[in-house]
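In order of appearance the chains are A, B, C, D and E, and numbering begins at 1 in each one.
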C-alpha cells in the first residue's frame, strides 16, 4: 500500500535574533491510509511546527512533504487541522454552527444539509443546544470541541490534531477519544495526533512517534497492535499497552527540554 | 484556623439571548491557609467562571467571597491567577522576562532584583535561554509556562490555577507539579487548581472539589491525606490515592455534560 | 530718534498697491514716522475681519465690502482711495465674453453663465449695474462664483460664458487667442460720467478718531511713492515684478495711470456707490456718505 | 433612543458653552452673537426655505459621495491587499496626495472638470478616499494568522479568504475609517460649494459671510454639525450590522 | 532604505501619469504644463530661496502643530476613557464639530482670534484633533479582556492599567490615527496660510495664482506632497519604536 502522507528530511530553522533557531532537524516518516499515528515529544520541541509543515501552512527550511504522492506546498484538499490555539482558530463573528459549516466548504453540500450536519456533529461533541452561541460565549473546552467538530466536518482523508483534547475533562476526553477513533474508522480517515498524554497517544494509535528535544529528530517509532476495537477499560489493561506506555514514558523522561525544573 | 478564602452561596447567571443562562448555583466552600485544593468538573460547568468570581474579576450574581476575612469585590492583594487562555494572557509587546516581572509589581523589588528573580523563575519552569523571546516566538506549552512563572513571581498567599499544565508534555507536567507543590509549601501558599486530569487533581491536593454539570453545585468534597511529601511514583501507587481517584472518576462520569458523545 | 508709530495694514493683493509697497521699501513711511506692517489676507471680508478683530489698524479693499460691512454695523470708514474709474476708458473692471459663447453684448447675457469672484464684491455690483442699464436683471443670467485666477481657464474651457476680470487677469485673458475675448462692458458702474472710486483704504472708527494725523502721514507717503511710479514706467514694471511676482511680460501690460492725483475720498463719490448699491439691491437700507467715510482734506 | 438623545444633550451643552462665551464678552457680541440670535437667524432661514434647500443639496451630495467613496476606498484597499506592488504604489501616492489641501486642488480641477458634479465628485473622492483605503489595507494586513491558516485549510482561494475571513475580521477597523471618511465627505462637499458652488450650505455660508450676516453663518454651521451627526448615526447603524459581534465580544468579562 | 526609495518611485510614477495627461492634451498646456516646466518652475523657486523658506515656515508650523495636536488628541482620548460621561459628551461634540469645514470657520475665527498664531493653532486643532482622539478612544475600549484581567491581578489602578496594558495594546491603532492627523495638520496649516497668511506654502500658492504662474503653483503642490511624505516617514519611525512588536508579530506564520 502506498503512503498517504510522506515526509522526507524535513528541517525547520527560524530566523532568531542573535542566531537562527534550529527547531526540526531531519524528520522522515510516512502515514498509511487509515492509519492512526500519535506524536509525543517535549514541550517546545516543534510538534506544532511539524504539523504546520505537513499541512502545507509553513514552508520547511529543507526536505519535502508529499500527500497522496503530490508535493505539498499549499494545504492540499483532503487534510484537516485542529489547531493548538483553538480559541483563536474560531471565527468570532460566527456562531458555533457556522464555524463548523466552514469545515464543509470543500464538500459542496447545500445550505440546509450543511446546517444539519453541523448540528449533528456539535451534538456528537456534546454541544447540542450551543449551536447558536458565539465562541466568546463558550468555555475553553467547548471552544475546543467546536474546533474538533469543524475538522471532522470536512471528512478529510487525513486529520492533523494538535492537542485537540487538552482542554476537556477526563470523561468528555474519553468519550471524544472513542468518537474520534470511531469516526476515523467509519470514514476511513488517517489521523496524526499530537498529544502530551502518553496514555492517549497509545490508546488511540497504531503507531507512536516519539520526538527528541530540539533540534528535533524522531527518537523512536513505537508500533502498536492493540486491534481495531479499543475499550477505555480493557485496552488500557493490556500488557502490550502497558509496555508501550512504559517505553514511551521512559524515552520522554530522557528527552525532557533543556533546563526543565527539578 | 480561620479560612483564607471563603465563598458563600455563589451564583452566576449570564444574560443569554433568548433566556439567561444559569451557570453557578449556590457554591459554598472555604480554603485554609497553605491548603491545596483541586477542582474538577465537566467541561463548561463553570470552573473558569468560579475562579474569576473568586479572584474578584467577575461579580457574582449572588452570594459572597471573602479573602482574609475581607469581602472581595476587586482583585485583592495576595491572589494570583494563571488564566486558562494563557496565550492571550501574555503581553505580546513584552519579552518572557518582562511578562514575568509584571507579576512582581506588588512586591516592590528593584529593577535588577526583579530581573534576576524573573530569570530564575523562567529557569525553574524550563525556559532558561528564552528570557528575551516574545510570546509569539514561543510554543503553546512554553507560553503557558511563562504564565505560570508570572503567577509564581507574585509570592501570593493564594494561587488560582486554571488548567495551568494543559499544554505541556507528561514529563514537564510532572516536574511542574512537583515544582508548584514545592514552591507552595516553601512560600506557604494556598492553591486552588482547576484541572481535567483527575490524577493531577488527587496527586496535588489536600482536598478535591467535584463540581456537577450546569447549573453547577459542589457534588462532593473529597478530603485526602496523602501527606505533605509526594512522589510521582510512590504516591500514585497508594491505595488511598487510587480510591480517591476512583471515587472522583465515578462522580465525573455521572456528571458528564448534557448530550456528551457515545 | 523719535519712536516710530506702528500701523498694521491688512490688504488683498492688487496692482494699485505698488505705491504702498514702494513707500515702505523706500523708507517713506519711516520718514513720516510710521512703521507700517503689511498683512496680506485673502478677500475683502478677511480685511474687514482683520480690522474688526483689532488685528489691523487700517486695510485695503474694494469699496463694496467695507460699505456692506458698515451696513451690517461693523464700524469701519473709508478714508483714502487710490484709484478712480471714469468714462470713457479709465476702467479697472471688465466683463469679458469668450468668442465661443456667442455673447457680444450685455443683451446676449440672458441665460448665459456669468462669473463673479465672490458675493458682495465689486464684480457683483458691476454685473447688477450694467445689466440693469441694459434692461436686464441679474437673475436673467446664471451666476457662478469663481476666483479671478480660474476665470481665464473657465472661459477657454467654456465652463463660463462671460467673466468678470481685473488686472492682471484681464491682460492675460485678452492675450489668449483661444478665448477671443470680447469686452461687453467695463467699469464698476454703467454710468461713470462722474468719477467713481474703485478701491478704498479703510480704518475703524476708533482708530481714525485718534489717528487722523497718522492717516494723513500715511497718505502723503503713499502719494510720494505713487508720483514717482507715475513718472517712470520702468519703475512700475520693476515694482510689479518685485512685489506682485508678475512675469516681466505680464508687467508690461499693466496700466498704472491715475485719473485723479488726489487720494482723499469725496463724499459725493462715495454717495454714488452707496446709491448704486442700494439700487442693485446689495444694500437694503440707504446710507449716507458722511457715515461711512472721512474726507481727510489733504 | 439614547443614541438619538445624546446629540441633543451635547447640543444643549454646546449651546450653554456658547452662551457662556457670549456673557464673558471675550468677543464683541456682534461677531459672536447670543444663542437666541443664532436660533432666530436659523428660523428665518427655515421660514424662507433656504435652510432646507441647502441641507438637501449638500446632504444628498455628501451622502452619495460618502457611499461611493467608501466603496471605492475599500475596493482599492482590497485590490492593494491582493497586489502588493499596487499597494506600494498606492501607499506612496496616498502619502503625496493626502496632504494636498482640497482648496488648492479645486481651482486646478476646475480647468479639467468644469464646475458641475464632476468637480464635486473629484474633490470628494480625492479627499475622502484615504481613510477607508488606509483602514482597509492596515486591517486586512493584521488578520490573526491562525484565522488565515483556518481559511487556507478550508481551501479558500484569495477571494474566499478575503470574503470569509479577512474582511469580517477587518470590519471593525474598516468601519472606523468609514465613519471618519463620511464626516470629511461632508467637509469636502461644503468646501467645493464654497469655492465654486451655486447652491448648498457651502455656497450659503460664503454668501452670508460676505454679507457679514454672522448669526446666519453660525446657524448654518450648527446645521452642518447636525447633518454630520445624522450621517454619523447612519454609520453606527451599519457598524452594528457588520461588526456587532465586535461590540458584543468587547462586553465580555475575561 | 526601501522606505526612502518608495516615495521617489511613486513620484516618478506620478510624473509619468502627469506627462501622459499633458500629451493627451485633455487640458490646454497653459493650465496643465509639462512636467519639465513644473520642475523648472520649482528649481527657479529654489534658486530664489522662496521654496525653502516656504517649506520651512509651513513645515515647522505643521510639525509643531501635529505634535501638539496628537498629544492633545491622545490626552483627550485618555481622559474620555477614564470618564465615560466625558466621553459621551466629547463623542457628540466631535460628531457635531468634525464636519464643520475649516474654511468656514476661519473667517469667523478671525474675529475672535485675530490673524496670528492663535488662528493657526485653532484651525489646526479643530481639524486635526479628531483622528487621534477617536483612535485612542476606540483602541482603548477594545483591549483584550484577558489582558485587562492580568492587569487587575497585578494590582494596577486605572493609571497603571492604562500605561502598562491598555496604551501599549492600543498603540498600533492610535498611531494609525496619528499618521492620519499628521497629514491633515499639514492641510490645515496650508488652508490657514491661504486665507490669512503672510508666508508659507499656502500664501505662496495664493500669490502665484494671482500672478498667473501656473507651473509654480503645481511645483508648490508637489512640494506639499513631498513634505507630507516626509512627515509620514517620521510617523513610521515612531510606529516602529512604539508598536514594532505588532509588525513583527504579524509576520509570524500560524
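Heads up, the rule we're going with is that contacts are C-beta pairs under 8 Å (C-beta built on N, C-alpha and C of every residue); 3 or more make two chains touch, one makes a residue touch a chain.
Fair warning: this is a prediction, and the values are worked out from it, not measured in the lab.
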Count of contact steps on the shortest path from subunit C to subunit E: 1
Chain separated most widely from subunit B, comparing mean CA positions: C
Distance between chain centroids, defined by C-alpha means - subunit A, subunit B (Å): 26
Distance between chain centroids, defined by C-alpha means - subunit A, subunit C (Å): 85
Subunit B-subunit E separation of Cα centroids, rounded to whole Å: 49
Multi-chain contact residues (two or more partners), subunit D: 28, 31, 107, 111, 146-147, 149, 209, 214, 246, 252-254
Residues of subunit A engaged with two or more neighbouring chains: 52, 57, 83, 85, 88, 137
Overlap residues in subunit C, where contacts from two or more other chains coincide: 45, 52-53, 147, 149, 153
For the subunit E and subunit B complex, residues of the former touching the latter: 144, 146-147, 149-150, 152-156, 160, 164-165, 168-169, 171, 243, 245-246, 248-249, 252
Contact footprint of subunit E on subunit B as seen in their complex: 52, 55-57, 74-75, 77, 79-81, 83, 85, 88-89, 91-93, 102-103, 105-106, 134, 136-137, 154
Subunit C - residues contacting subunit D, complex: 44-45, 48, 52-53, 65, 68-69, 72-74, 118-121, 142-147, 149-150, 153-154, 157, 159-160
Residue ranges of subunit E in contact with subunit C within the complex: 28, 30-31, 107, 110-116, 194-198, 203, 206-213
Contacting residues of subunit A [partner subunit B, same complex]: 14, 17, 40-44, 46-48, 84-85, 87-88, 123-129, 132, 137-142, 145, 163, 166-173, 175-176, 178-179, 182, 196-198, 249, 252-253, 255-262
